[in-house]
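Here chain A shows up in two complexes: once beside chain B, once beside chain C.
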Partner chain A sequence: MQSVRSAWAGRTDGTAVTSPRPLGEGQPASRRKRPGADRLAPYVLIAPAVLIIVVLRLWPLVLGVNFSFTGDGDRNGTPVGVSNYLELFRDPVFRIALRNVGLLVLLLPVAVAIPGLLATFIFLRVPGHRLFRSVYFFPAVLSPVIIGAIFNLLLSADGPLNALLGAVGLEPVDWLGEPKLAIFTVVAVHIWATFGMALVVFLAGFATLDTTLLDAARSDGASTPQVIWHVIIPGLSRTIQFVFVTTMIGMLTSMFGLLFVMTAGGPGGSTYLPEYYIWIQQGQMNRPALASAASTVLFLVMLVVGLAQVGLLRRSLRED
Partner chain B sequence: MKRRILGPVVAVAVVLALAACGSAKSNEGTNSGAGGKLVVWDWKSSDKNAQNFVAKAKADFAKKHPGVTVDFVAQPFDNYYTLLGAAIQAGKGPDVMLFNGGGQIRDRATALLPLDQYVAPDKDRLAGWDAFSKDGKIYAAPITLQGHPIYYNKTIYRKAGLDTEKPPATWDALLSGCATIKQAAGVPCFALGNKEGYGIQFWMSGMGSCILTPDEYDKWIAGTRDWNSPNVKKIFATWKEANDKGLNTAGPNSTAMFMDMYTKFEGGKAANVIGLMSDVGGWHEMNPILGANNLGVMACPVVTPGAVPSLAFDGGVGYGVAKWTKDPAVAADLVRSLTSTEALTAYATDAGAIASDKTVTIAGGGPAAAVIAAAIPSGKPALHVALSAKTQDVMGRVSQQLLSGSITVDAGMKQLAAADQAG
Partner chain C sequence: MRGTRWSGWLIAVPMTALAFATIYPMLFTTNVAMKTQRDYIIDRFSLSRSLQWDNLAGAWTTGGLARYFVNSLVVVAAAVAMLLLLGSMAGFALSHVRFRGSRALFLGILAALFIPFQVIMVPLARTMADSALIDTYPGLVLAYVAQFLPFTIYLMASYYSGIPKEIVDAARIDGNNLYGVYRRIMIPLGTPALLSIGILDALFCWNDVLIALLMMPSAEHRTLMVGVTTLRGQYSNDIPTFAAGVLIAAVPVLVVYLIFQRQIAEAVTAGSTKG
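And then the complex of A and B:
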């Protein structure tokens, strides 16, 4: 600003003697104001963003948490303390939902390893790698409802997969109807449906790999497994961590569609996740306050998981 | 780094604590329903086969209140009660809304206006009020009756050499008949879809009058439910037995009732199905596919000696009035127009429903609808409709565990007793 003003002043210097004077008078005044304005400016500039976050995110969050301490039905609007939370943790279905979250965390390495391994094969140029690259990504563009409907048909008790099993002399399996099996079936379908995105991230990571290291390893006589273990994995550590974080978020937040279409939480409540529980309590059971309590618990779980992952990422960035 | 993570955690803890303190703002008392306009929520009015019904109801209402406009807003059924829940929570929304009878309306009765004084003139003309009443007050007027007849495919019965006009009348006859059908026609007896846990509700209500004695049945409906009684246990034992003995189509826990179960029955993949009698999953859909003369409706096979088979039915869907509406009398008049004989005749004919209006006769429903109509006078309320939404939810899960063999009948009964007493 200063430089602009002096350039303008310089240009007018010779022609008009009077014009710099008002400017000169103004300058001390604006200089006097500036400390206050300068201090305010950043706040004014970030105000829209902060307001949006506060009004549309934090305030509803506070309202929701507040609501979870009130009753449902006849006790609508009256404070009930933590009784919603006590009811939640006494409800076997909610406990199953939380246990399933734990199960998802445990299955995370599998969900990351599959795209990682397939990307490695594509990177190592197995025959047909160009075809696989596009084929693998294809499911990622389908909506969970369509995927769920397709697999409902494929996996139904009298469906094609069981016909195939029957053809080789095996007993049919009710993939979505067995309480112990259903959650694994749904997770497997979810991984199938979403690994394409992780695969692309892995391939991008491979592009940054130092090929001279690979060549050096090969000329030193390293086998393929040795190349993968000692060169590729260490070189991709940041990519792997990123895929871990995004896959975790995907698993915890976008399984609803699949669950809704494939199992409806069943059989016997074995495939409930917190999101689905919240939806059922709010919509079907007319228990909005209980649903708010469940949402608060889910929020806290996500917060812990999210912060742990942010910490992990930050540490890895520092290493670099 | 530790401090950076701690910061947000502390902030959240403070927010939670503050929220807990400032809890419980009452959100009642707000008002909606602008003067001169009524908003109706349902999930039917956009259907092609409901257009005539809506037009008739509107015309009838316009005669009484020419200055009031009526807006029908059709919501998707999957999200209907979620949207309604949000409206109830906000204390504003539609003036008149459609409900399923039973738990869905009883759980939300606090948001509704008792209609007794307004609908008194219709009380004798319409049936099915009980499903829309709570503690002796009426909260909605029924437009349809919904029940659970047992349908059977006469073509398959004929193929198996069974008498198509004398379907099995006892449990033992059913078991042996089903074995014959499986052998001769190669299909199981019942198409079953229990993915959402609805299958058990249909079993309980379709079979209930043949398992409980008339006295037990009436007590159950009146609210005295003894989950330890041997006959109540038999409802769940036969449910499991039927599946264990191969009476059901494959994979009931992964088959959706709507519409996979019905598709199987209509496709000739099973000889029987416990269906509905209005709108979907009933004679209206099955007649054109199977042929009206090949679709039968049978009384349930008697399991307990002394039980008297009867058709289980209740009010199906009905319109209620929100507590927050501006002029309750006008909104109640709209409900009366929606349940007028003219409107209900149009609905029953176009949508294939059994209307709540006793003066409406079913035209062109074939033998199946005729059997249902004949069974209505001696019919009783359905057993599962008397249960709370929560108990129904638990029952759905227990029924799935029974089918998969991961729970015993006794353990299931214990869960159900606890849920029913809590609810």
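And then the complex of A and C:
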């Protein structure tokens, strides 16, 4: 994760986190004997954290997969094979949720390109760049619940956005009521709310760019688009890959608040995502086993994304 | 943009428009929150002629936000304190001490980073219910700690690994055991990281709605964000009070952002993996 080093470059000496440096090494064993209590100390320090993570993060994952092969209601606890998964893929609402995941993947380049381009201009010191940076980042710290509530007002039939359309002579649009349009509206709000996050990651990446290369390109008479294309993008390839993965994870796991407040999955189930489906089946429909099956499917999707990220991490560590 | 000043200004125009679009929603909501209901119905866009603090008071008292605000404050404070304590302890052990199994433990914690809450929420709710922790403050605190601990440990470990070994060695020669090194070296030197990671953890917990909905079903235990989701139904005919409630929930975050902007950006770029 190269951004760790870039952000705290002043304090870190580049030691990789994965290779902890031993204490007491280099001192003759005869001069310093390690008392038993001190040998236990690292375990004491780490035990509470490990206990919580194992019991409340790792073990539930095993339980959940196991749970997805059992029944709901009358058949609670009895093994039912893959019937939950069959039901899941027959459920038109879950199929919409998966189709919407596909849509998110298609929109991913847009969600990465917008902050990337804005970060480039800020890095090139467009007039007012400092102000832009802090203003753009602001929505990223607001809860999706607050953002959803505000946009409910902005997007309402007689709200500001439709008033703006009316001012230029266009018909008002039912942003959240049209089944074909609603998911795009929600994704657009999500991008509006989170592009500041990716923006600061990009800017941290820019800070690691070799400025002599930029100056050389400049003095050779390269135009701004040429500098972006031939110097900045190649130099930032790792940051770009990193933002792709984190933006995808964000889209898959942090849109619940928006869906909950703005559409409740509607109209006609058209804005369902897997996370919202899991919530409805668990909390409203009392179908925990079916919800577990949906969780497992979501996890498989996330695993592919996560493995891609680990691969990136490993590659970036090797390059150093 | 040296040499191309005019093109720089040309780009600044749409970027200014975007900056306006970024803050307009907050401004609109603030303006609406200050209007009387009558003013809002007549013209929702004009600048409010009066400052209706009654709307804020209404959302705060009859809307129940006062109660939810305190709930959130208590839970977030407890969760962040626990996260920083456990995260710095584990981060120190993983970055500066070599012991049997340290590498495996580090990989296990990294793996936990990639388990989203949505994937484990069903069995977690059951485990919490079995231990009588559902609908209790300790239960929600524990759920937040479990959710954000891998992230906290990872960032603390990467920060601590930048503290030179020589400092630790010197403290050891002075007769400190590991706990002494943790207390006298790692806590004071780790303060900048503890501050920025603590703020980020606090934002995550404060802003969460899914975990709180799952863990705290009863109305009097609602957190502020869950409370905000109930406002729309409560005030469907009183939009100014609804907007006032949203404003109350947003203002603490706005204040924290204005004060700690640099620390937040630092923590985000150090990790960039949200939960």
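General remarks:
Going forward, the second predicted complex is superposed on the first by the 252 of 320 C-alpha atoms of A that agree within 3 Å, B and C clash if a C-alpha of one lies under 4 Å from a C-alpha of the other, contacts with A are read in each partner's own complex, and residues count from 1 in each chain.
We take it that contacts are C-beta pairs under 8 Å (C-beta built on N, C-alpha and C of every residue); 3 or more make two chains touch, one makes a residue touch a chain.
No experiment lies behind these values; they were computed from the predicted model shown.
Once the two complexes are overlaid on the shared chain, A:77 sits against chain B while remaining clear of chain C. Judged by the number of chain A residues each one touches, C leads among chain B and chain C. By the touch criterion stated above, A:135 is placed in contact with chain C alone, chain B being left untouched. Residue contacts after overlaying the shared chain place A:288 against chain B and chain C alike.
When the two structures are aligned on the shared chain, A:208 is found in touch with neither chain B nor chain C. Looking at the shared chain after the overlay, A:237 reaches neither chain B nor chain C. Legend: residue contacts after superposition of the two complexes on their common chain; A:279 is shown touching both chain B and chain C.
Judged by the touch definition given at the top, the superposed model places A:177 against chain B, while chain C stays out of reach. Residue contacts after overlaying the shared chain place A:121 against chain C, while chain B stays out of touching range. In the superposition on chain A, contact of A:226 is made with neither chain B nor chain C. Judged by the document's definition of touching, chain A residues 58, 61, 152, 158, 279, 282-283, 288, 296, 303, 310 lie at the interface with chain B and also at the interface with chain C. On the side of chain A, the complex with chain B involves touching residues 58, 61-62, 65-66, 69-70, 73-74, 76-79, 93, 152, 155-158, 172, 174-180, 182, 263-264, 266-269, 279-280, 282-286, 288, 296, 300, 303, 307, 310-311, 314-315. Taken together, the chain C residues at the contact with chain A in this complex read 1-4, 7-9, 11-12, 15-16, 18-19, 21-26, 28-29, 32, 44-45, 86-87, 89-90, 92-99, 102-103, 105-106, 108-112, 114-127, 142-143, 145-147, 149-150, 153-155, 157-159, 161-165, 168-169, 172, 177-179, 182, 192-193, 203, 206-210, 213-214, 225, 228-229, 231-232, 239, 242-243, 246, 249-250, 253-254, 256-257, 261, 264-266, 268-275. Put simply, chain B touches chain A in their complex at residues 1, 5, 8-9, 12, 15-16, 18-20, 22-28, 79, 81-82, 85-86, 89, 107-108, 110, 195-197, 249-256, 389-390, 393, 396-398, 400-401, 403-404, 406-407. Across the interface of their complex, chain C is touched by residues 1, 3-4, 6-8, 11-13, 15-18, 20-25, 35, 37-39, 41-43, 45-46, 48-50, 52-58, 60-61, 63-64, 67, 118, 121, 124-128, 131-132, 134-147, 149-154, 158-160, 163, 192, 197, 200-201, 203-204, 218, 224, 242-243, 246, 249-250, 252-254, 256-257, 260-261, 274-275, 278-279, 282-283, 288, 291-292, 295-296, 298-299, 302-303, 306, 309-310 of chain A.
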